[in-house]
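You will see subunit A twice below: alongside subunit B first, and alongside subunit C after that.
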Partner chain A sequence: MALLCRNLLRSIATPLFRPNYQLTCIVARAFSTSQTACADFDPELKAKGIFGKKGPQKWLKYNDIVYPARKEGEPARPAEITHMRTNVKYSPDNMAYIATMIRGMSIDEALKQLSFHKKKGAHVISEVLLEAQEMAVRDHNVEFKSNLWVESSHATKGIVIKGVRRHAKRRFGEVRYKFCHYFVRLREGRPPKHYLPPPMTGYEKMEEYIREQRARRIAFSL
Partner chain B sequence: MATCVKAVRQFTLTRGTPCMVWIPLVKHACAPLILQQQLMKKHWTIKWRKERANKYYKVNLPDFDEVRERDKFTPDEKRIWMKKEGICQPRNFTRPMYISNTNSVFEPYVPPEGDGKASSLSKEGARERFTELKEKGKSYKELRKVRQYEDNFDTTSFAELANNIYIETHNLLQDVKKNENRLLELVTEKAYPEMTFGLDHKTLHWKFVESIEPARVVHIRTNPMITNDNIYAQITVRFHSKQVLALYDRFGRLMYGSEHLVKDVIDYVVFEKHIASLYGSWRIHGKIIPKWLPPREPLLKTYRKPNLNFEEIDNAEEKEKTDKKEEEEEKDEINEAIEKQKKKYNVEIV
Partner chain C sequence: MAVTLIGRLGNLLHKLETLVHRIRVQDSLNRGLPTLGVPNFDLGLDGVNSDLESRLKQQKNSESGSSRSVIDSIFGSILWGVPKSRRTLEKRLTRKFQGKEFKEVTAIKKNIVACLECGTYHEMHTICPKCYGKVREETAAMKAAMGEDFQYNHPRSEVVYLYEDDQEDRAKYKGKYIVEMKKPRPLWFAKNLLTKGHG
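Up next, the complex of A and B:
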């Protein structure tokens, strides 16, 4: 009887003496805290860990500038709103074409033109514009939402992930999966007549020609 | 013509873009198709499509769109999403607690309507006087309690101190970022966010012109927290003064008020002190806004009203009513059935 008891006791006590016993693992898991588990499984944190970049930071800080109060009689300063979208899965090269297209347009015109554009980038840009417009009215004291124009609009390179593709004869090539950032600044008021410098008149062309001719340097002269 | 086709081929192959000017020169109808296929550099049957796709190693690209969507989640949605993903929510059991001030105004002062101008012969006036007397009696009691902790506490000298605090805080509010530390010495942690809300992107111009009536104490209350001797005191002070207020938006454009308009202002401001503490100080704790206050001047800007669909609201109300009716009917039916059963069993038992 005593022997049986001793054996029983030993079998119960074994997990306590053997560190690699399965039971100890289970006990340990029961005591694990949630905080560490959180860090492991949060995809956002993971993404940050992989790429280690915060992305563009300065562009939205234009929205925090507070200009001094205008004195009476001075013309009112037109409102300006900056907005951006980071890391869009789209090539910055393609995005640049669409971004340049809407420069200097009124917001309604820009949205209309983008709606007729076939590319994916156009859809992304129109989304950003609508967001910026809503922000302008909600947060930046803009009175009429149509009274805005696109002052600047550009795209830059975001993160680039490199992939591999197979070629013949055991060769390999590199594939670049590109992401892009898009930035826009809206200004209150009507769009300017000439966003880019206007084409030169005949008289101006002649003047410039004469200036060029006079500015020539004749070699080996006095 | 054959040379021509050759030229087209070479051109397209080297440049990589089809040239529409060249194509009409080609005699055969199928030539452009062939050209296209040569441009694509793909086999013409779709049979090899899968094999072609297999040349690329699969890469798991991060989905930033999803992350962006997630940023817009409400706390509830976020909780649901985390549960679905099997992520534990970080739980913080150590919540910060301020015990240097209370989080409310206890037994707030009720200012008499029209600043107590109603005649004491009228019904309203008589009632006002009566409540005033009652409140005053209570305030005296509380004043004695304050004096236990504060030696030589005097309401008139306190009113002066309150006036100074009132003017200094409003002056400092013109630049919150710069004066944050000083402001927190003059304002409690409860009142600070209320006073500075939205001022970080605006310019505030405030000027105290003169006081029309000297500030006076109208209401005193004390309240213990946790233990009986841990007492907080709140004193309401009435200010009647002339002030100038102008609020400019981020671009320096006038939003509210005027730089030249001097206005008479009556303010009921609550001051609080942790009198049980050695280091307590009188700070602005809140403001009493009477119910009878006329509506404020509208903003200078025109803006769109939120799109409220009244039909939907009405329909929802009606629906609720009908639902309730249906529920009641159902209940009645059930009750009837139960009674029937009872009767049935009674009959059987009997």
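Up next, the complex of A and C:
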């Protein structure tokens, strides 16, 4: 089964594989006692996605939308740029934590925070943001590269390569080498003051309480 | 699934056994015979033959047999350490979004400041990495300029570093170990840093 898997992988990706390409070591190491997987990738393959598969592409189609021209007097439509990176060798749950952190931040603030973040996903996300910023200025008519904010940022599950590891007493366990996709949308302009609903003040809580109390009804009454 | 099946079989067997023994006890009571070897004494004969019950309980206490069925004694230990019920969505979401890990990983750093000299960001309690990088480079150059003397023949007199712009001070450093730096003095490297206090 292991050999079949390995041969299949090789047959799919032979033209793209270089001799000391380290992804094969994930499959190789899957059958050893070590639980670590290699993290370095061939840049060609990185661009294409794992084993030539690009992953989901719908997110980038938002960039191709052409809106009808604005009439005179209407304010300019803020530019929106979507970007993503597929099949990043990182757990989607761990990536999701970092993705939630930068929601609603200006791009400069996001890059600053990510540069001091100790997780691996932070480096990946900052690369994606910089690429998106570059694209915005080059292709989407954004005048100032700092005049962007993170409108949406999320991570989803990518492919999962399964391996085997040994346990005591002749038992075996499954090792899951997880990949994730990361999606981001940048919007031109200043970031909003409150991306998420702000915490309620005391007065607002009181008003809500009174509203709820007054909304009570006796069922099936006259 | 296998666990519940085994559990259910165990329960069923237990019930059958108690039923069988109740029948036996009742039969032997009817015949007036002694009732030995009755494992379970929850006979439900509330207060009818209390004297007999107490005797039977004494018999039970003297015996060593367990009151549980055979299957439970074999499989009981294996079923320990297993989740009793599925974690609710509320609990899962609480762990995911209000747990310690979430708060640590999504914590925004509010102690990042920009260096006044060069503008690079650094944490407030640290030195600017770019500025310190320059200092580190210069220190390495100064060590290299001293050559092997630094390690193997370190002078006991004061060591003086003379850059290209400092040549007029050469006279006052007579008798001291002078290291020639073949570059102009960096702007941030003031001479005052190296003067010793007197008194």
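The rule is short, and it goes like this: the second predicted complex is superposed on the first by the 160 of 222 C-alpha atoms of A that agree within 3 Å, B and C clash if a C-alpha of one lies under 4 Å from a C-alpha of the other, contacts with A are read in each partner's own complex, and residues count from 1 in each chain.
The rule is short, and it goes like this: a residue touches a chain if its C-beta (ideal position, glycine included) is under 8 Å from a C-beta of that chain, and two chains touch if they have at least 3 such contacts.
These numbers were taken from a predicted model, which means no experiment stands behind them.
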| item | value |
| --- | --- |
| Which of subunit B and subunit C A:65 touches, first, second, both or neither | first |
| Partner chain(s) touched by A:88 [first = subunit B, second = subunit C, both, neither] | first |
| First, second, both or neither for A:77, with subunit B first and subunit C second | first |
| Partner chain in contact with A:126 - subunit B first, subunit C second, else both or neither | neither |
| A:175 touches, of subunit B and subunit C: first, second, both or neither? | first |
| Contacts of A:153 with subunit B and subunit C, given as first, second, both or neither | neither |
| Touching partner for A:164 - first (subunit B), second (subunit C), both, neither | first |
| Interface residues of subunit A shared between complexes with subunit B and subunit C | none |
| Footprint of subunit A on subunit C - complex, ascending | 96, 101-102, 105-106, 108-109, 112, 121, 123 |
| Residue ranges of subunit B touching subunit A (in the complex, touch as defined) | 54-57, 59, 61-62, 64-65, 67-68, 70, 85-91, 200-203, 205, 246, 248-255, 259, 301-304 |
| Subunit A to subunit C touching residues, read off their complex | 93-94, 97-98, 100-101, 112-113, 115-116, 119 |
| Interfacial residue positions of subunit A with respect to subunit B in the complex | 34-35, 37-38, 41-44, 47, 50-51, 64-70, 72, 76-80, 85-89, 137, 139-141, 143, 161, 163-167, 175, 177, 179 |
